[in-house]
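Accompanying notes for the structure given below.
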Amino acid sequence: MNRKIRMGMVGGGPGSFIGGAHRRAANLDGKIELVAGCFSRDPAKGAITGAELFLDPERVYTDYKTMFEKEAQREDKIDLVSIVTPNAAHFEVAMAALDAGFDVICDKPMTTSLEQAKALADKVHSTGRLFALTHNYTAYPMVRQAKQMIADGVLGDIRKIVVEYPQGWLADAVTDDNKQGKWRTDPALAGISCCMGDIGSHAENLAEFITGLEITELCADLTSFVPGRTLDDDGSVLLKFNNGARGILFASQIAVGEENALRIRIYGTKNALEWAQEDPETLTMRSNTGARQVMRRNWAGAGAAWSRLPAGHPEGFFEAFGNLYTDIANAIAARADGVEYTTSYPTVDDGVRGVAFIENVVKSSKTASKWIKFEV
Amino acid sequence: MNRKIRMGMVGGGPGSFIGGAHRRAANLDGKIELVAGCFSRDPAKGAITGAELFLDPERVYTDYKTMFEKEAQREDKIDLVSIVTPNAAHFEVAMAALDAGFDVICDKPMTTSLEQAKALADKVHSTGRLFALTHNYTAYPMVRQAKQMIADGVLGDIRKIVVEYPQGWLADAVTDDNKQGKWRTDPALAGISCCMGDIGSHAENLAEFITGLEITELCADLTSFVPGRTLDDDGSVLLKFNNGARGILFASQIAVGEENALRIRIYGTKNALEWAQEDPETLTMRSNTGARQVMRRNWAGAGAAWSRLPAGHPEGFFEAFGNLYTDIANAIAARADGVEYTTSYPTVDDGVRGVAFIENVVKSSKTASKWIKFEV
Amino acid sequence: MNRKIRMGMVGGGPGSFIGGAHRRAANLDGKIELVAGCFSRDPAKGAITGAELFLDPERVYTDYKTMFEKEAQREDKIDLVSIVTPNAAHFEVAMAALDAGFDVICDKPMTTSLEQAKALADKVHSTGRLFALTHNYTAYPMVRQAKQMIADGVLGDIRKIVVEYPQGWLADAVTDDNKQGKWRTDPALAGISCCMGDIGSHAENLAEFITGLEITELCADLTSFVPGRTLDDDGSVLLKFNNGARGILFASQIAVGEENALRIRIYGTKNALEWAQEDPETLTMRSNTGARQVMRRNWAGAGAAWSRLPAGHPEGFFEAFGNLYTDIANAIAARADGVEYTTSYPTVDDGVRGVAFIENVVKSSKTASKWIKFEV
Amino acid sequence: MNRKIRMGMVGGGPGSFIGGAHRRAANLDGKIELVAGCFSRDPAKGAITGAELFLDPERVYTDYKTMFEKEAQREDKIDLVSIVTPNAAHFEVAMAALDAGFDVICDKPMTTSLEQAKALADKVHSTGRLFALTHNYTAYPMVRQAKQMIADGVLGDIRKIVVEYPQGWLADAVTDDNKQGKWRTDPALAGISCCMGDIGSHAENLAEFITGLEITELCADLTSFVPGRTLDDDGSVLLKFNNGARGILFASQIAVGEENALRIRIYGTKNALEWAQEDPETLTMRSNTGARQVMRRNWAGAGAAWSRLPAGHPEGFFEAFGNLYTDIANAIAARADGVEYTTSYPTVDDGVRGVAFIENVVKSSKTASKWIKFEV
């Protein structure tokens, strides 16, 4: 395919964090060009973003349905729709994009109900379109390295998984100018959970992605610490996995001083692995019988397949995110060229499990019977 | 008191780890001299240890009752009994020592049942003897610094406590030459729990010590991963505290590659603190509004009251442990001199809570109703 | 300026590391589009790169002079020339680009002789074109934060600067397939120095950039450790600065196991700063009177002006490099729009000092008189 | 030898830092008892220290000559003299102790002139007494591990050594109550150097100890930054070693915010090692061909021979220092018992090289010819 993949974006207008992140991720490798967008329902806001991105004003739309309709008629129409709206809109936009014949890359959590999630999965499977879910943390090279090592049996049988995701930015009541905080704490836009939906689902996805295991049972305690907040801003979950492993998942948005501290530790019978998102270039392996091994991205081959730079030249969030965009762009091009290609991005089925996780955690959290009194 | 405090030890013969640790802790500040011991019921083994320690063979005993009886009759009799036996013997030795009029410093967990723990507390209170429990991790200078900062309100209201204690040394079946592992995994010597009794109780104690809060409810999942083992070697516990704070306590002895990784994080409304035993000279404070503060022992006054060396001259395990020994030695001397003195060591009442914690966790772990199925 | 800046590249064909790095840096913010290139003198190789980048084959050239001539005649001609050849070609390409009326962004070291460097500076000043030198490490947000803090007097008077840049990748003789190593160790392509030219000059530039000081005297020891190598692969330099501060600069390419470990420490009378390229999101401040301050990018405002992502979402090498590209793109657009704009990128004058540094270090290294015998 | 080694101390009265450090180091293993001391020439001060240490007042002396004379006549006389005075007194006290037939353990630098150092070495060799110099940093288990690995050829040929020792505590003029700072900056008590004598000599010793190499040439730049100070408070030294390796030694006492940051990096043809005193339990090995190896004390055997505790139970400054005391105590006991014993402590010959280092560095620093002007 001797041209860049053409992309349209839904969401990502002024004040959006994730829209800009997606755009830079898509830019990085020079394989995708953003040519259309429905950045805001407000024409003035949409126009601002369109102009900043040097888009043809004709291809800046104010509703996504129009965008899909008009684009579908163009010769130079978009190939791919990027969905970066608040959670509650993901479902309808994704369904419409698929129906209009576009491939989709969508932010997470995929939908705000399990029912929608399943319907979307059915749609993806029935249309045969490509659908990538941006669980971007799975695309860090050293996360992929960890997954491969576990698949190769390096850890032996996995016994314990500890995954945590503390942030501090919602420790206080959200002010009106905090667009990100506003929608995430609003059930109408975020769904049934704030913290678990926003970041707990990343933790769940990361644990299952790296280990290849599935959660089978859980026991959760969610809390809303900030007065007046109705959705959870902190939660702790005990986990059982399908091989008998046990786990802990901890996510918080009231952990003051924490930035974006997603971290996972996996203990097997032979070796253990640790990875932390704030130091993403490093993967640490421990054992009872030798020195700790600190693997570094693109050093001695670690994570090399997903690297752009030599070791010691830090890659970060955009580069991992960009791996997802480049992956779907490569898949689109390969399909056009009739070439075999295997994608590595998280799928609509991962999205279903993510939404199920949120629902199960919220359900478990409501059971009082799990607690026993501390008796002395 | 113009002489060193005279100490007798029960336990700590050949192959003991903790006996040697207690002895070096007692040596460090030159305030205590070991003059008697019942290191083993086996006279040959006891004699070996006695000779290594340059003790008068007459004061090396083969049963603790004889030791207490004979010592009580000497003019230069011991002041203090140090108890470093496996858990199951703590109770009877401590009761006898107190009855014989000696002050006591005892390893943890204090007893193997809550009933014994309460009886021992009653005995301490009724005899008025000094009783220190060696929750040694509370005696690190930066732990004391953390406790003081929280008492001073630096963190605001505490919302979340995450305390963890992974070790890897029991990841495989214990071999016969591993004396430490043997007794800890044997219910007859260790009591109803291995991992939670041995190290989980340290984690519980540390969380309550630093924060001044008390656990009120819990939900626990204990597992025995190693085939043939009857006691837990791993456990995860959800916690509620008496101010509404939530917590996670995680302890494991099958976390391969982990050394002795006790770590605590405490998130308040204003600031958060983190301390890790393997890097004990550092206490980290985070907030949403400024740079991370890395406090170092004896730098700008942090932990200075419990320090022996300038910052950057590492103090460690023996020095913290020695703080407990010096504390009780100072208390004995002060009492002899009729001087006021306030101790900082963990007390028999802390010991009662520690044993209650173990019992409550084991009880909770047996409830299946806490789990819900992960439904998709 | 309601279009992207159009860029042509010289160098960066198959096997080039830095060409791809420059291209991704230019892509990141969506402000620049690569439309032309002279990637190789070999038409086949150039065509490969051109096709990978989806360029119009007409704008893929095999010599830079033709490129400048042809592009100058187009209506949609390039605005900016990016020079990523081996060192020895920088000078002639840059001179030609400036003469042809293009703005230039050029890799470092700027030239292979001081004479050329000064001639190039004269050309830049006489033509009035924009010229950015990609001392990319100065564009990390926390480096800029450090520079600002020092300018604000936070450190007091600077006394000591320790800057080091160890790498290990040239510890063995270079094999034929190592294109990067080949040209850097070849005097015909690299100039009079390998290690000091390639990375020592980054260290020199970083030290002067952050502190605002200038080196006035130096004493250097350069070594070629690998048998058969004629240029230095390791060097240590004592420094004096124009305020009386002393310094050490250490660069090595035979420091086995080191990735790209550029690091600087600056000690003032009041505070000290430390920054390390492999952990670029962190800037550490130490003082004698308080806790260590760990500043993190975009946390509490640190480095915010140069950030794209919230704290804890790692930015790295491409993002810093991209700051230079976006800076010159902004400058070009501002000039077109008649708007005031102040650039922050390293200039041709920084480039002159960098080349002078290399020459002075090589000269000093040849003096044997600096050594005294260790007499016992 | 069925008793503890009896020790007398010279120096270490009220306000001394190093005296208390030596005493705790000697206490730790229970093999040495302090029975006599000449802590101060002031009888009142000496009595205070003697009482704190529960010494027999008869064995608290006010001049060392009397102490050696009286002790020599006792049946329970001291075996060992510990010298912890300011530098200038080391020589005469050590000479007298050796002449009186005592073994000696002495703080560093050994003397304040090379002439004295050689005379002392002659005395040690002619008397045949034991003489240990407390270059305590060489006694950390992971330093010994590093030395062994290098001796075993793990690093290949050593090419570059970077050893640094920044401290910040003398960044300002010394106040009268700072006894430590007072004598170290006073030529009458400290000798010809402050920083290089006090800590630079530790760095030199560590580099030679670990690598087994010897410095053959050097080029030094010493500075006195604090107004009014006559001795150096900062210095940087280029080094050549006897195998052709190059090195950098950097020591400073005006590096604000630094605690006691002795650190060494050694790059060989095959592997590199790094050790830092503030994190002494860790030894890091790097190579170009695999993951970084983080060795931890007493994990998988690393440093086990010099360990007292399992991995993860931090040992620190006192424990390393105690290794020297226990070593000389073991040597005294072995000699008494007629048993072969090989010591590992630094010797009088190491002390001679240390003093020579100081003299050579001071001499080199005075040569102006090493500098060249930075010409542009």
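Every chain is named by a letter (A, B, C and D) in the order it is written, and numbering of its residues begins at 1.
Everything below uses one rule, namely that a residue touches a chain if its C-beta (ideal position, glycine included) is under 8 Å from a C-beta of that chain, and two chains touch if they have at least 3 such contacts.
Since this is a predicted model, take the numbers as computed values, not measurements.
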Between C-D and A-D, the pair with more C-beta contacts: C-D
Centroid-based (C-alpha) most distant chain relative to subunit B: C
Distance from the mean Cα position of subunit D to that of subunit A, given in whole angstrom: 55
Whole-Å gap separating subunit B and subunit D, where each centre is the average of the chain's CA atoms: 34
Between subunit D and subunit C, distance of the C-alpha-averaged centres to the nearest whole Å: 43
Per-residue multi-chain contacts in subunit C, two or more chains: 169, 258, 285, 292, 296, 299
Residue numbers on subunit A that touch subunit D, as the complex places them: 285, 289-296, 299-300, 302
Subunit B partner contacts - residues on subunit A that touch it in the complex: 114, 159-160, 162, 164, 166, 168-169, 171-172, 214-219, 221, 223, 225, 234, 236, 238, 240, 246-248, 250, 252, 254-258, 265, 267-272, 285-288, 292, 352-353, 356-357, 359-360, 363-364, 367, 369-376
Footprint of subunit A on subunit C - complex, ascending: 2-4, 17, 20-21, 23-24, 27-30, 34, 51, 53-54, 167, 169, 258-261, 277-281, 296, 299, 308-319
